[in-house]
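In the two complexes below, chain A is the common chain; its partner is chain B in one and chain C in the other.
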Partner chain A sequence: MATTTQNPAPAATTAEPKGKRGIKSTGGVMRVFSHGFLALWAAMIILPLLWMILTSLKSNDEVFANPLGLPSSLHFENFGRAWEKAGIGGFFVNTIVVVGGGVFFTMALGSMAAYVLARYQFRGNRFFFYLFVSGMMFPVFLALVPLHSIMDSVGLLDTKYGLIMVYVAYSLPFTVFFLTSFFKTLPHGVAEAAMIDGAGHYRLFFQVMLPMAKPGIISIAIFNVIGQWNQFLLPLVLMPSEENNVLTQGIANIAVKERYDPDFTALMASMVIAMVPILIAYTIFQRQIQAGMTAGALK
Partner chain B sequence: MATVTYKAASRIYPGSDKPAVNKLDLEIADGEFLVLVGPSGCGKSTSLRMLAGLEDVDEGAILIDDRDVSNLPPKARDIAMVFQNYALYPHMTVYENMAFALKLRKTPKAEIDARVKEAAELLQLEDYLKRKPKALSGGQRQRVAMGRAIVRQPQVFLMDEPLSNLDAKLRVQTRSQIASLQKRLGVTTVYVTHDQVEAMTMGHRVAVMLDGLLQQVDTPRALYETPKNVFVAGFMGSPAMNIKTVPLTDTGAKFGDTLIPLTREQVAAAGEGGQKSVTVGVRPEHCTIADTGIAVEVELVEELGSDAYVYGFAELGNGNGAERFVVRAQGGEIPRLGEIVHIKPQVGKEHIFHAESGERIAV
Partner chain C sequence: MSDTAKVSAPPRRRKSASKRRANWFVASFLVLPVALYLILVLSPFAQAFQFSMTNWNGTNPDYKFVGLENFKKLFTSDLYSVYLIPALKHNAIMLIVVPLAVIALALFFAFMLNVGGKSRGGRMRGVGGSAFYKILFFFPQVLSVVMIGILWQAIYRSDEYGLLNALLAIFGVPLKSSGWVSDPSLVLVMVMIVMVWSSVGFYMVYFSSAMASIPAEIYEAAMIDGSSRVQTFFKITLPLLFDSIRTAWIYLGIIALDGFALVFIMTPQQGGPDHGSEVMGGVMYNFFSNGQAAMACAVGVILFFFTLTLMALSMRLTRRENVEL
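Entry: the complex of A and B
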């Protein structure tokens, strides 16, 4: 990668006068550094993933005999074993339910709250905005013990509803923060046109503003899916019984329980299963995520 | 169809003591095309938005057809508005954009379809009905915005600088289209622009505003011929009128060596309050280049083909040094740069204003 970026620089400098050469070559050096750094970063992320996928297809003996090599034959039964015996299937369903509910309610409540905070002037607007945003200030560890006792006392401990509610509360601050600034960037004229066309507040929001905010909504939704999918600490504290475990907990349990007879290939297969939905979501919505994250910054 | 009446309507933005629109009194007749014109920040857009219901009416009232709409929401006023940036719904097709308002009013599907198709035909948009605004040119977007207003069949059309995002040629073309469309539909229209040429060419009547105050409202010709004050005189007409403040004598206004004769009444009115000078306006097209007259040193000639505008400097003997002067020259008599030409204002075409108040002094 470094050589390809370096190539055009000397070619250009031969034709350029001397004064410009210095500037150009510093640009070249910077590019080599930044590309080199990105390449290193990519390698650090991709190589362990690759190793995980390869290991998930090996036999348990092969993991120790040839840890870095390619699998001699593909052992897809590892995935079956992970799904059935290690109980990943159940964890998977739990995760889908909790993350699905969590993201749905986060987006529904977050987009409405952000819209009102961004578009309507009223007393206390700033107060509510900062109230939401201040949620980002506190690390989740601070809330763990009180959360546990609150959930316990209202009878929501170890239930999916309870965890969904906690996820929603946990995700709302950033969602509201992000979407408020997103709604502010949308043109005022369109809202005014809709009001003159006869739209009331609800119709204006659901039929005009929400569709216009789609790039922002999608990117923050994906962000929340990833965040809630990877959540480990909250379910660990709030979902103690095994049949309620989500993927992250379940996988950690497999690793802990099989201390003396490790089934590494099934563990790796479980991790691949846990990773696939996120990877697919990210691949599909890549364009929207980028568009949403850079909205307002470009143009 | 409806009349529109502003009754001493004011808009005072919170945190400001100076009204953006100050006691606007204006009556717009049924089917009239009224243009609000003025420099930026003069309150013309605010006046329009007050009528649309997008701005509060802090004092006074606004009536549509004798119905006080001052406190009604926009959707209850039966108006349609065309915005400067068109404000089309980006996620809807052209058809959906035009049909949206009708859908909200629960108009039967067949009627929506008929009205949208009719408007599309009128505006030559039939081929674009399935496109999203993103895939349209600026002129097409402008027509969709017009179409969205037309299908509503509202009582009043409001247009907020709808042509300012178009290129010059398209603007001139669309200008005449809008004017003829309005004539055909016969809907009362309030049109905001900062371009006095648009105002002159489109409006049945033109209302000139400055600093939130209505300066004058009249037909384009009347504004051109009898501007009420110095501001209107300088604002209407292109290039702008030569407005100079010069010494006042017993018989007229003294332009250097040239005297523009005034009647005794005019001299008396101009001298009111002990004034020793008078403001005189002469349009470039009402000057002729002659052998004697105001001496002007030519600085720039704008050749337009049929005629030319000569820009130069003249000493007027009013203690202001050399002042800018513009004259229209006919095809044959175009002077060269640096040349000294003599200018004679046509008798009876000059405009006389009080030097301090800027008010017109009638002949």
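Entry: the complex of A and C
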């Protein structure tokens, strides 16, 4: 290939066959090369996860005898220990309550705000839009300490209600940003027809626009479920007592305890338990998740 | 008729009743989300700046204004600068190394997926199984940073039961006595590897969709002109992806600054050993949990301006004309 570019004059006459052969051979080398690297990275992702799952099924003695091997028999009691002794069950329930409430109200409030910002012209429309969007740029850690005192002063520190409200507030910027552009793409004709038929603003929103916006709302809801399920810094500061901990916190605590009271297989079992819902959601919705999450970076 | 119906383009003529109704509607839909956002997101940010100039301990209501005293202490007192200076240095290293490594790897993989395969009739294709690679590589992105941290902590275990040591043992590499995250000179690298590991897939998918929007004719023309794949990548793909890369850089910068969660979980003494992985977020958290909330806010403010400066700088350095297709 390099020679053809260096000698353009003779190459011009033989460009066709020579070029084709050149492409084919580099394509071959390239294919081996690229498959090699891709397979290497794939192994770097699969191996740790596989190792985690295998370890969660071994006995502690077996882990130390043969860290890489397959389990000789399946020790499901690790999961029992994780669920009962380490309290994963409670953390799991807390997480479901908080994320369920958080995502529901995020979507309700977010779609309301996004709808009026997208489809109504009023004074301050742009101001409110940019007010929300600016929230995507602030680093959360800067707000943590004052947020702790605000929640404390209104008695919502260490409560699920409080954490739900905080999750909603911190999920609004992206939700509003994304749904505003989504509501803008919906056709105006349907809304006009509904208004002519005598629908008020509220009925128009709940019975016409909201059902039409379903695809956008679903992909952002999935995005928020993952984001809120994985949240760590906010609960770390706002949910100090152990019975209120969410999964991420609970598992972080188990990992810290593991240093003093080693139960490696139960730790790995806790990890598997916490990872399963995400894995299922990801497998089912991976297309929407990838679309929703990469859309978040496109601003 | 259509005047009243067109909600997005209000009528020129004043229709006070319907206009008032629309305004009420708008207000009723905005009041809750805006209130929640103002109280729980914007006001804490503003208060962080205010508290950074007080001697507040997090609970006492009668704190007083101390000016820039906290900032002075942070930079001059030995007690504090022993945390702060390494933390700033580590954040700066992360801010450069992590985005560079992630973007380079993600671009490479995305290019492989899109044009690394066999070319048929002059048309470049992606490698086989690219859908599978995308699903797999993206997966770490949906895992919590806590899970990632614990998983890698287990991988990096210093005894022979950690995955890394067990794998190295197969190749006959002797056990590293100082461990991986317990070696002060290695710990930061080990944390950054995890950050790269978890982010590459996301940016690969992101760049890959940007690459897919480059018309195939451009590649074909380049092939006919005898351009190699390497040339194609540097002369065509890279310039056309410039905007996506800049966006990725900014987001990765934010992720790098958030490295605290990983450090908190993975490293000994949460920032150790010997402050080898101390980051600004950790310094802040220590102040907060030791009842020095004002100092924590001051650290947050420093980090905020540090970030802002670096962001502005990188925007400035990468400013250029857009390439129009």
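Please note the rule applied: the second predicted complex is superposed on the first by the 237 of 299 C-alpha atoms of A that agree within 3 Å, B and C clash if a C-alpha of one lies under 4 Å from a C-alpha of the other, contacts with A are read in each partner's own complex, and residues count from 1 in each chain.
FYI, a residue touches a chain if its C-beta (ideal position, glycine included) is under 8 Å from a C-beta of that chain, and two chains touch if they have at least 3 such contacts.
Quick caveat, the model's predicted, so the values are computed rather than measured.
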Open item on the list: Quick one: is A:131 in contact with chain B, with chain C, with both, or with neither? Answer first, second, both or neither.
Closed with: second
TODO: Could you tell me if A:72 is touching chain B, chain C, both of them or neither one (first, second, both, neither)?
DONE: neither
Open item on the list: By the touch definition at the top of the document, which applies to A:203: first (chain B), second (chain C), both, or neither?
Closed with: first
Task: Residue contacts on chain A - larger count, chain B or chain C - done: C
- [ ] Check the residue A:195 against both partner chains and state whether it touches chain B (first), chain C (second), both, or neither.
- [x] both
Open item on the list: Taking the superposition on A as described, I'd like to know which of chain B and chain C A:139 touches: first, second, both or neither.
Closed with: second
Open item on the list: Per the contact definition in the header, classify A:168: touching chain B only (first), chain C only (second), both, or neither.
Closed with: second
- [ ] Please write out, lowest number first, the residues of chain A touched by both chain B and chain C across the two complexes.
- [x] 192, 195-196, 200
Task: chain C residues within the chain A interface of the complex - done: 1-2, 4-10, 21-23, 25-26, 29-30, 32-34, 36-37, 39-45, 47-48, 51, 58-59, 105, 108-109, 112-113, 116-119, 122, 127, 133-147, 149-155, 160-163, 166-167, 170, 197, 200-202, 205-206, 209, 223-224, 226-229, 247-248, 251, 254, 257-258, 260-261, 264-265, 281, 284, 288, 293, 296-297, 300-301, 303-304, 307
Open item on the list: Touching residues of chain A toward chain B in the complex: what are they?
Closed with: 187, 189-190, 192-200, 203, 208, 211-212, 214
Open item on the list: Using the touch definition from the top, list the residues of chain A that touch chain C in their complex.
Closed with: 1-2, 4-5, 11, 15, 19-20, 22-24, 26-28, 30-31, 34-35, 37-38, 41-42, 44-49, 51-52, 55, 63-64, 67-68, 109-110, 112-113, 115-117, 119-122, 128, 131-132, 135, 138-150, 152, 165-166, 168-170, 172-173, 176, 188, 191-192, 195-196, 200-202, 204-205, 226, 229-233, 237, 247-249, 251-252, 255, 264, 267-268, 271, 274-275, 278, 281-282, 286, 289-290, 293-294, 297-299
- [ ] Quick one: which bits of chain B touch chain A in the complex? Just the residue numbers, please.
- [x] 52-54, 73-75, 79-81, 83-91, 100-101, 104-105, 148, 152
